[in-house]
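Chain nomenclature is as follows: A, B, C and D, assigned in order of appearance, with residue numbering initiated at 1 for each chain independently.
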Amino acid sequence: MNEWSLIPLFWGTLIFLLINAFACLWRGLAGPTLPDRILAANVIGTKTMVVLVLLGLAREQGIWLDVALVYGLLSFTVTLVAGRLLETGRLKGAWKQ
Amino acid sequence: MSAVHRWVQLSTALFVFWLVLSMPLDLSDLLWGLPAAVAAGGLAGAFLWREASPGIGARRVAGLVFYTFDLVRQIVPAALQVARVVLDPALPLDPKMIVHRTPLDDDLERVTLANTITLTPGTHCVDLDGDRVTVHCLSPSFAASLIDGSLDKRISTSIGGVERDE
Amino acid sequence: MNRRRAGRILTAVLIAALAVPLMYGMVQLPAPGHADAPAHTNVSAGYIERGAELGGSENLVTGVLLNFRALDTFGEVLVIFTAWLAVAAVAGTASNAERDPVPPSPVVDYVIRLLGPFIAIFALFVIVNGHVLPGGGFQGGVLLGAMLILLSLVMDAETVARAVSARSWIWLRATGVLVFAMVAVMGLPLAGYLFGLPDEPGLRQVLTVALELGIGIGGGAVLAGLFFAIAGADRS
Amino acid sequence: MIDAAHALLVCFLVIAGAAFFFIGTLGLLRFPDFYTRIHAVTKCDALGAGLVLLGLAIWRGPDGEGVRILALIALLLISSPTAGHALARAAFRTGLKPWTRNDGERDGEIPGDASERD
């Protein structure tokens, strides 16, 4: 359908995002506070999600999209649970008003 | 709004989502999707939205889609401003915490306000408690549209509307 | 201090050293189902030729997992359930949640309530389509577990107790094992041996999806149960 | 001609998204404290991922995958600010003090060097 192939662009973007994600690891390593580290993990999660979608399109395999959706949801869960752990100092089965 | 109405509303939204997931469609997708959506919608209505509905009807969905485009139009120029701050070697930051009292009184409107503040470059919603919104801004100039109330007004015209969907 | 720093740098180097070959390996992965892939040139030729016909599933992996190697998969489901039993025995089940000082943010509360049913539908979609697409019970179970964990952040204890009593949690967690055992025994009259699936394609598909649903629901409940047990043990 | 314009639009969106990702990374590494970092990160990530995914959705056209990418964008637009807000609120409620201009000037500290705050 497309006479122009954009696959090289996708691979380039993918590699660029991976380099970015590795740079973000520095903040996760250096901190200095716990929220900073959680934030770094969150950022890397978003980048990974986009990388998964790019990988799916570059390799013409639609299943990566579902993987990306699952990954995005899990990364969201991790950030919220980590934030809640930070906020209350403990994890809880249920919250009671 | 009655429980049955809520059930139908939630299940319809879930069924549409199922159809989006299973494109291209065939008959077995419909056969599996319908009971799954009805069951999940019923459970959600019974346990998650027992006291109230999410407050999203067809009109509000349209309003939200419209609002999203509006939001993107606001975000891009402000993002460029923040980009300038990040790239500036001197980092011209002057962070401030401000408290804003919002006239919006509906859950969805307040959540939209908080997420709009967070997505708008230069401001970040730190806490939402009743009508008190605590906002961290990179410099006071970024919060102008929040303080003068034009953000609240824009949200209430897009998704508040003259009459509620409920 | 210096040793700690050195340890950190060493860790970072080791992780990078691990990540680079992993990424290289992932790019080198042959396309799924490609005939030249090393995994496919030997034994699996037979699977590829007759797997779809004998396995009772459009997806070869699912056919192998749920039919040819059903006993192995049954073992995996048992292992997951046993893991929860062991953790629950050591850590307790944390059913008596006490008052939590900080209420969750209204934004988080609203968004989780809004997204929760959609996550559940997506999980069911992954489970039900496991026989066509890669994925299936275990992955859908992870999603269900994530949804339960998310909901537990914003739901109050009474609603949770009303939705699922402590007793039915145990049955939910055992769903995978129970469904598997049932299908295994049903194989005796239907096909003449344990784990046998009948020849009729429609019935075969229903049984496969039932297995996937059992794995998914049981797995999700077990995952959430592990989280709750560990979370409960943390607050001394 | 249509094809060329289509491809150029996709190129533009993907590259613009990648640029925002880069700015977000830079902000995460350069900004002086947690609150300012989370600013850079939530915005640039949501916008960067949104633009890249929008470009990809346009490239795929209105088939199953294109629509699924749109669903992914919708998820991102809801989840990303919510996660950012939850994290900032957790930090705020546990008493993490925001950095202000005066701190930097008083200590003669270079913004971006946060090694003293713990």
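Following the convention adopted for this analysis, a residue touches a chain if its C-beta (ideal position, glycine included) is under 8 Å from a C-beta of that chain, and two chains touch if they have at least 3 such contacts.
This structure is a prediction, so every number in the text was calculated from the model and none was measured.
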Averaging each chain's Cα atoms, the one nearest the global Cα mean turns out to be A
Once you find the CA centre of subunit A and the CA centre of subunit C, what distance in Å lies between them?
-> 21
Mind checking the centre-to-centre distance between subunit C and subunit D? Centres are C-alpha means, answer in whole Å.
-> 31
Out of subunit D, which residues touch more than one other chain, so two or more?
-> 38, 64, 68, 71, 75, 78-80, 82, 84-86, 88-89, 93
Flagged in subunit C as touching 2+ other chains are 102, 105, 107-108, 111, 114, 122, 155
On subunit B, where are the residues touching two or more other chains?
-> 17, 21, 114-115, 125, 127-128
Would you mind giving me the full set of chain pairs in touch?
-> A-C, A-D, B-C, B-D, C-D
Residues of subunit B touching subunit C in the complex = 10, 14, 17-18, 21-22, 32-33, 36-37, 40-41, 43-44, 47-50, 54, 56, 107-108, 110-111, 114-115, 125, 127-129
Can you list the residues on subunit D that touch subunit A in the complex?
-> 3-4, 6-7, 10-11, 14-15, 17-18, 21-22, 24-25, 28-29, 34, 37-38, 41, 45, 48-49, 52-53, 56, 59-61, 64-65, 68-69, 71-72, 75-76, 79-80, 82-84, 86-91, 93-94, 96, 114-115, 117-118
In the complex formed with subunit C, which residues of subunit D make contact?
-> 75, 78-79, 82, 85-86, 89, 93
Spell out the part of subunit C that touches subunit A in their complex, as residue ranges.
-> 8, 12, 16, 23, 31-32, 94-95, 97-104, 108, 112, 119, 122, 126, 133-135, 139, 142-143, 146, 149-150, 152-158, 160, 227-228, 230-232, 234-235
Name, in rising order, each residue of subunit C that touches subunit D in their complex.
-> 102, 105, 107-108, 111, 114-115
